[in-house]
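Each of the next two complexes has chain A plus one other chain: chain B in the first, chain C in the second.
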Partner chain A sequence: MNSVKKAFQELVRYPSAIAGLVSVFLLFALAAYAMIAIPYSQALLLWRGGEDVWYQNPKFAAPSWFNYFAKVKQPVSFVMDETSAGAEKVVEVGEQNTSRINITYTFDFSYDAFPQEILLYFDANYKEKQPFVSIYWLTPDERKIRISDFGVDSRQTFRISQDEKLVRRLSGLEPMQGLFVGEDGKTPLKGIYKLVIEGITFEEGSDINAEFVFHGTVYGLFGTDHQRRDLVVPMLWGAPVALAFGLIASLGTSVLTMIIAALGAWYGGWVDALIQRITEVNLVLPFFSILIMVGTFYSRSTWVILGTTVLLSIFTGGIKVYRSIFMQVKESTYIEAARAYGTSASRIIFVYMIPRMIPLLIPGVVSSVPAFVFLEATLAVLGLGDPVLPTWGRLINDAFTNGALYKGLYYWIMAPSILLMLSGLGFAMLGFALDRVFNPKLRDI
Partner chain B sequence: MADITETTDSNLGAFLKKTSTSTFARIMRYGLSRLITLFITVVIGIYLTIMIANMGGYVDTIMRNEIRERITQSVLTNKAYQDMAPETRKKIAQDLILVEEKRLRLDVPVAVRSLNYLTSALKLELGRAQNMTSDNGSRTVRLILLERLPATLLLMGTSQLFLFFASVYFALSLSRNYGSWIDRLVIALSPTSAAPSWFYGVFFILIFAAVLKILPFGGMVDAPPPETKWGYSMSLIKHLILPVSALVISAFFISIYNWRTFFLIYSSEDYVEMAKAKGLSARDIERQYILRPTLPNIVTNFALLLISLWTGAIVTETIFLWPGLGITLYKAVGLFDIPVIVGSTIIFAYLLAITVFLLDFVYALVDPRVKVGG
Partner chain C sequence: MVMIAKSAEEKITGVSEANVKGDVLLSVRDLRVWFELRRFGFGHAGYVRAVDNVSFDLHYGEAVAVVGESGCGKSSLMKSILGLNKPTKGNILFEGKDINTFDTQNWHWYRRKVGYVQQDPYGALAPFMTVQRILEEPLIVHGVKNADEREQRVRKVMDEVKLSPADDFLSKYPHMLSGGQQQRVVIARAMVMEPKLIVADEPVSMLDASVRVEILKLLRGLQESHNLAMIYITHDLSTVRYFSERIFVMYAGNIVEKSPVKELLNNPSHPYTAALLTATSDPDSRNAETFKEIPPGEPPSLVSPPTGCRFHPRCSRKIDNLCDVEEPPEFEISAGHHAACWLYK
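Now for the complex of A and B:
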């Protein structure tokens, strides 16, 4: 315990180690938060969800906090139903089972750009006679624009921008511009807008509800993608996936490499020769192409890829380093003593030889984590990522295939890249410092 | 790699040892023995590749399907059979398929057949692509791949050479100014090499193509390609800048750091102190007393670096739409074109082996132990 404490004290002398520790800690905190806030099954459902889950979100929306820094304030998306503040529903019962239902949505619009779309999701209940609605638009300068009127089905979506007649009424302007444009004819008019739905029902107990969905051009903490998905889900869930992949792969690789190197060094002869030859073959095996083959021919599951990665990474340069050290350890006197009193080979290897190497193992494990974290992202960028998991690499791939760089949707690529960089750099810096602590040879250089 | 070199040299070179003792012959002998071992290694590697690709019986299924389709088509369109009853025609087709499968030796056991595949794979004779065509319109896998080879070689060759010389130069000057702020900066930046080249590529495209608009997003030449030779090369260079910088930057700081460490270790040797005491010029000391003994280490280190650089090439090419082997592999994955996937894996194995061989050869040239035959 004392030596751990000493190593830790040694470690925090390096500023890069502190930075690394902090970012690794943040990453673990993010992963823990992700798993608590959005349980695994729910995350998968959300990530795989289509329009039915994400209809409330705009497409390609940048994060909302961009508005704090931008000169041109972009409209923020929101959703209202009858119970929200700013909504008002008045029901007047009339004669012959008819009733008038007036729903008014009041909202403040103080942005410099036009929104993407406004939708009304009607939910009416009736038996035979359809309710009828008229929709009006009240601007801050007290103009009243008739949007449309129609009989409502029990479930109906009304997209304001797709109403051809409205385009004509707005003298050819796109509805989203026509409804918001101010006197100058270019910029939107700021102020309080109202959307009024005047409905009539013709049956007893018949009712109309409408959900008001406003698709701005910015949304949430990380924005949305081409499928209206909230990028918070993959941004959060990328952390546990990346950590699990990186840590398991690097730990698995290092431990197996060490065991195999120890076996080779201990038994020598053909075992050692075989290990050497496998390492040579593995050197010319195109690691990545083989992963691609496994990904395309068998399975894209992260676990299969992880297993293959570990298998292919065991027989690399590391095995030679460990072997040469084990060769020295094998000759040391305490091993000779153990042999003399008849200890079994497995006990010598696993209890006497390998534990001595743990100080060497730790920096190795930590510094190879980034490579595996990025490997997962790389595979995802090639379209070989796990089809169900929301990951950072997946996000970059989606962004790239949807031309985010050409369209200027930089947020889509930057957010996952920054998190990838943070995790990569964190582990790399920590590994660097650990290497110096555990390998005194490097300390002075 | 030094380890491999020594063991194989003693194994294979033993019988050649007596023939000659001149330096040239020694290097040739070393090169030859390395070539033979590497070839054996490549053969085993490609055999493994085939086994992986065929483990689910994929290669067989492709071949069987192709035979079935070809023969059924030819029987259907053959005028001589047109008056026959459908059953008879079916029977004829079935028999022909069996004969064809026998001819292609699909009836022999997997172990024997895989050896047949191996020989054709070594020659890159992988038949026809399923969905892809080369720019010349050929569907032969070999042509599709060989057509792409020059682009990849240009990109990788440029970046590898640039990386090597730039980092050796910087490492030397840093070891001279050991402890200066620039030295510390490089040490601080060396963890950035954890990110692969495509990652930097994305940022470079973002900065230089999307925001500043001074360099192209990707591709190899302007469209339409310039007609003069000079214009063509200029356009090529313009398109090379970003991918080469991405490849170089991803390995730059870590290699400077590693090599600077080698230089520092060697510059504290006694014979360097001796040379200093004799009053030799700093240049001579650097060249003769520090660089010479470090070079074998550097070459070995560089070889390992290049192997990881090749791996990154696939995605870097994809990101930059560089028309090389990597993007071909990426497209083949998208189109599920199995012969092309297997073919590019094999060609990458060859390229890796050639890289290893060339560096081994350089190693032989710079390592006095090989020259003298230690």
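Now for the complex of A and C:
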């Protein structure tokens, strides 16, 4: 315990170690938060998503905080229903079971760009006679534009930009431009807009509800993708997946490599020869190609890939390094003494030889985490990522296949890439510092 | 508790606690330790004859020094006795039982009976274990499960090797101790199983001159108080006279002379022993003036040793057509004093 404290005190003398510790800690915090905020099953559901889950979001929307830095303010997405502030629903009961239902949505539009789309999700209640609605648009300069009139189905989606009559009414302009354009005919007019739905129902108890969905061009913390999915989900869930993959692969590989190297060094003879030959064969086999083959022909599950990675990484150069050190440790006189008082081979390996290597193991484990995190991401980018898990690599793959860079959607690639780089950097810095603490010979280098 | 353990042990091994001074504890018969040399990893290329036809008896409570220069096979002999090397030929009998026939249980028993004190105390102690852990390890290995009993035995043995107060040392790591203290821990570890035989491989050669005598006195004291048999391996004749009853002189894998200490120091019979004694330095001002006669040449190769007596190429008293042809048997010079040399035919 005391030595752990001492090692820690020595560690924090290095600024890079502090930076590394902070980023690794933040990464763990992010992972913990992700797992608490969005439970695993829910994350999978959200990621599978589709229009039902994500209809409220625009496609390809950049993060909304871009507006703080941009000169041209992009419209932020929002959703309103009758209960929201700015919404008003007035019901007037008339004669012969008719009633007038007026719904007014008032919102402030002070952006420099046109939105993507405005949708109305109607939810009407009737038995035989359809309610009828007329939709009007009131601009800040007090023009009143009739958008459409139609009978409402029990569930109906009305997309304003797809109304061709409206296009004609707006003298050929796309509705999203025509409804917002100012006097100059180019830039949107800022101010308070109103959307008024004047509905008439023809039955007793018949009612109209409408959800007002405004698709701006920016959304949320990380924006959205081609399937309208909120990128917060994969950005958060990428952390636990990357950490689990990196740590399990790194720890599993190092510990197993060490144990196998120790067995080989201790027993020598054909055991050692076999381990060395397997290692040499494995070293010339193309690691990545085998993983791609497993991913293509067998399973793309992260856990299968993880297992394959560990198996293929055990018999690599590390086994030679550890073996050479174990050969030396094996000959040390305290092992001879242990043999002289009758210690069994397994006890010598696990109690006498391996603890000696822990100082080498810890920095090795920490500094090889980034390699495995990147490996997982690389496979995902190549389209061999887990089909159900939301991960950073998967995000980059989606961005790539949807031409994110070509379309200028940098946020889509940058956010996961930056997180990947930061996690790699954090572990690398911590690993280098640990190496210097545990292997004092490196200090002068 | 200890008593019960002991009687149980007797039942297993069938050996009674004879422990009488004068009875034979360890007997080595025609021991050969040959290491095979390999060519290209599999071809046979001869043997290194580290120990060749060595026989001797060791009695209860007796201390014997094995003397010889580096590479004469004394460490290989010791490792065979400790069961770390498999003898190529010959027998080692401990309390009448041949270690070649041992099964796991016998080995377990044997390892309790034989303690091992090494040359380099720092290397002999696992650097990541505390003193307490180091001393408890043999007890753990030999199935003392009760932690309190282990600690009690550790404290007792630490007291015996004068590592006291024990509390000051229990939680320390080897690098925090001085060389003398480290060697005391090594001795304590050898003693903790209450052995009958201690094999000490140059126990003081790595220590400061100032603590050598103390460690030797400690070993001698333990040997006498516990009636231990001891094999003390050294290349330094000057420490032998404080220590043992008998001396074995080894040369190129053979024991060339066996003798009580005083007899050997006063009357070295084998020419090699004589040369070895001459080479031992004494702080005497007259030595600066005199020229010592040292045998020419170097110790022979153990792969292809000279025929006949192995010392004959360097021997000033060589008998032609005898020493270089036939290996000398042991000749008794006086009671308990044997030399393998044709001069005493």
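As a convention for this text, the second predicted complex is superposed on the first by the 445 of 445 C-alpha atoms of A that agree within 3 Å, B and C clash if a C-alpha of one lies under 4 Å from a C-alpha of the other, contacts with A are read in each partner's own complex, and residues count from 1 in each chain.
Everything below uses one rule, namely that a contact is a pair of C-beta atoms (placed from the backbone, for glycine too) under 8 Å apart; a residue touches a chain by one contact, two chains touch by 3 or more.
Values in this document were obtained by computation on a predicted structure and should not be read as measured data.
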*Following superposition onto chain A, is the placement of chain B relative to chain C best described as a clash or a fit?*
fit
*Using the superposition on chain A described above, determine whether A:I413 touches chain B (first), chain C (second), both, or neither.*
first
*Could you look at A:E336 and tell me whether it touches chain B, chain C, both or neither (first, second, both, neither)?*
second
*asked:* To the nearest 10 degrees, give me the chain B-chain A-chain C angle using C-alpha centres.
replied: 60
_Applying the document's definition of touch, where does A:Y352 land relative to chain B and chain C: first, second, both, or neither?_
second
*Between chain B and chain C, which makes contact with more of the residues in chain A?*
B
*Figure out whether A:S344 sits in contact with chain B (first) or chain C (second), or with both, or with neither.*
second
*Of the partners chain B and chain C, which touch A:G191 in the superposed model: first, second, both, neither?*
neither
*asked:* To be precise, I mean the smallest distance between any C-alpha of chain B and any C-alpha of chain C in the superposed model; what is it in Å?
replied: 6
*Jot down the residues of chain A that show up as touching in both complexes, chain B in one and chain C in the other.*
none
*Complex interface listing, chain C residues touching chain A*: 82-84, 107-108, 111-112, 114-116, 118-120, 123-128, 137-138, 141-142, 186, 189, 193
*What part of chain A is in contact with chain B in the complex they form?*
16, 20, 276, 280-281, 283-290, 292-298, 317, 320, 370-371, 374, 377-378, 381-384, 396, 400, 405-406, 408, 410, 413-414, 417, 420-421, 424-425, 427-429, 431-432, 442, 445
_Interfacial residue positions of chain B with respect to chain A in the complex_ = 3-4, 7, 37-38, 41-42, 44-45, 48-49, 52-53, 55-56, 58, 188, 190-196, 198-199, 202-203, 205-206, 209-210, 217, 261, 264-265, 304, 307, 310-312, 314-315, 318-319, 329-330, 333-334, 336, 338, 341-342, 344-345, 348-349, 352-353, 356
_List of chain A residues in touch with chain C within their complex_ = 332-334, 336-344, 347, 352, 355-356, 358
